[in-house]
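By written order: A, B, C, D, E and F. Residues from 1 in each chain.
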Amino acid sequence: MALIIVKKSPDHKISHLLLEIAMPQDKVVFIQDGVLFAVDKNVKDLVKEGVELYALKEDFVARGFDEKESLVNLVTYEEFAEIIENEPKIIS
Amino acid sequence: MIITIQTNVPPYTNEDLDTAIHLAEVFLARGHKVNIFLFADSVLSANKFVKPMRIDRNIPMKLQELISKGVEVHICGLCAEYRGLTEEMKIEGSKFSGVPEMAALIYESDRYINLMP
Amino acid sequence: MKKVLFAVYTSPAGSIWINETFRCIFGMYGQDIEPVALLLNEAVLAVHKNCKPEQCGVLPLSITFKYIEKYQTKVYAVKEDLEKYNIKEDEIDPRWNLQLILKSDLAEFVHSFDNVIFF
Amino acid sequence: MIITIQTNVPPYTNEDLDTAIHLAEVFLARGHKVNIFLFADSVLSANKFVKPMRIDRNIPMKLQELISKGVEVHICGLCAEYRGLTEEMKIEGSKFSGVPEMAALIYESDRYINLMP
Amino acid sequence: MALIIVKKSPDHKISHLLLEIAMPQDKVVFIQDGVLFAVDKNVKDLVKEGVELYALKEDFVARGFDEKESLVNLVTYEEFAEIIENEPKIIS
Amino acid sequence: MKKVLFAVYTSPAGSIWINETFRCIFGMYGQDIEPVALLLNEAVLAVHKNCKPEQCGVLPLSITFKYIEKYQTKVYAVKEDLEKYNIKEDEIDPRWNLQLILKSDLAEFVHSFDNVIFF
């Protein structure tokens, strides 16, 4: 299990690679421009089944999106910190 | 826990320092020991001569506040030389380190968060 | 008179380039220059009325509005890019003074300027 | 001809300043008037305290050589304040300018080459 | 007619946009990591017919390529400077 | 003992990150850390024996070779990425001490480390 942090938008090839290498039970957290994945209709097809997807709420709403628009779970900074506390292995 | 955050890109131009500072504040409030390692162009964040517009945040000052709350701010020394950041310019309490200190932080930290360039 | 296009493609909040685009534009008016802004790719997110970079702690975009009004700056955005992010016309902040441009007209539009500067 | 090159990203981390300097040298040799406008993080290139490794090129020194050959090196003033680059730190002969000077350069130049960030 | 300078590699979406907006008789010069387009088999299909493609030789060979591998004309800095002298309109 | 992967994806010459990757790696050996390098995407260009960033005036890569040998650093590159740029095995500079990894093995490989740092 690992935590993968994706900070670059879907326009960046490296973000897609990070999603490809995610394994079942991994958690992926989208932050900064990475939150644009949260409105990508295909976001769940970009990862293997069993990968948990999250986006940082603060970065998401700052870019003009409504919380309802997110296709993944939105997390606060507190919840993001908790995810980090629970995952010793960080890929970022 | 010991938690280290590494940044690599310049402040203001990018959001990374804002992310790092916010995360550091949250981890501090949750009782952790926090370190920030400023690598490559992110060393600029520790330049006390940075003078943002009045309506903008002051990132070096925010780092200094974190230092006063116990956060260690490491500046990659060779990176600083490459950016013309000298001893007199750095914010109080920050320290010039190198990759050996980065290694020590990676080794000691329970969590090591890199914000990729 | 020189016509200069400042085209910006990076996301608001994540980087400073939309702010810098408009700062450059507002500096042009002292010369015999007509500066125009073009938002494309992720930069179109900026025009949504709820886009507020200050919500994640970075520099707001709204500081540009009074100068857009003062100088009547022309601001364009690529229609297809707005559609990609599902931004509807009534969600666009009117203070952007926004005009839409079709992707198919982009080549000719860009070529109609004397200088084109991408950020 | 009057030819202006604008850079926007930090030196050393990226190739842009190397490209700009090389182009400036070629244009000088071809008899043109050359200006370099340092915008955003590229203002670091005019910091005289930059200290690269011995095997590496010294970009501020190369800019200074260009100045001595008649190249104007403009530094965006607000960008410099945001990066903590003060009057005392800048290389001799470079000048703090602003977007009005950028406008003047765009207006006067026969060619304006922007190296996008 | 215009000169379009492409400095970012094919992994960057903006480079593709610059190629899309090139019009017949425009010149495109690939510099820095943009030279990776010079070994892209489809490079000529990325632009309209009549667009002239060039890559900066110095940046091309520095990345390990042999001059023979380039699918576009290689130009020296001198030749690049000449192209700039001949094209008042620069998109970059 | 911590196993740490430094993965770099950006092109040589265009940016400094391959150099910085190896500088970080060589700094790790003072601790009980096993650092490993992974070159992927455009970064694989670095291993070609004719790749010489100094030819366009930037920092050479060859300064890393003596330390790769001294520390016997493990350096991996993604096989499919090498193929994309048509780099054949006999064109790889032997001083990289390079091992190839298949894209299909990448997920498991990356997960076998305690820390993964991307540049």
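FYI, a contact is a pair of C-beta atoms (placed from the backbone, for glycine too) under 8 Å apart; a residue touches a chain by one contact, two chains touch by 3 or more.
A quick note: this is a predicted structure, and the numbers were derived from the prediction, not measured.
Traced through touching neighbours, the fewest hops from chain A to chain D number 2.
Farthest chain from chain B (centres taken as the mean of C-alpha atoms): E.
If each chain is reduced to the centroid of its CA atoms, chain A and chain E end up 35 Å from each other. Between the CA-based centres of chain E and chain F the separation comes to 28 Å, rounded to the whole angstrom. Taking each chain's centre as the average of its CA atoms, chain C and chain F sit 39 Å apart.
Within chain A, contacts with two or more other chains are made by residues 11, 13-14, 32-33, 58-59, 88, 90, 92. Along chain B, residues 12-13, 15, 22, 40, 78, 112, 114, 116-117 each make contact with two or more other chains. Counting partner chains per residue, chain F has residues 13-16, 41, 56, 58, 115, 117-118 touching two or more of them. Residues 2, 13-14, 17-18, 20-23, 88-92 of chain E are the ones touching chain C in the complex.
Residue ranges of chain C in contact with chain D, taken from their complex: 2, 4, 10, 16-17, 20, 23-24, 26-33, 115, 117-119. For chain B in complex with chain F, the touching residues are 6, 8, 39-40, 78, 98-100, 102-104, 106-107, 112, 114, 116-117. On the chain B side of its complex with chain C, the touching residues are 12-15, 18, 22, 55-57. Those residues of chain F that touch chain A in the complex are listed here as 9, 40-41, 106-108, 110-111, 113-118.
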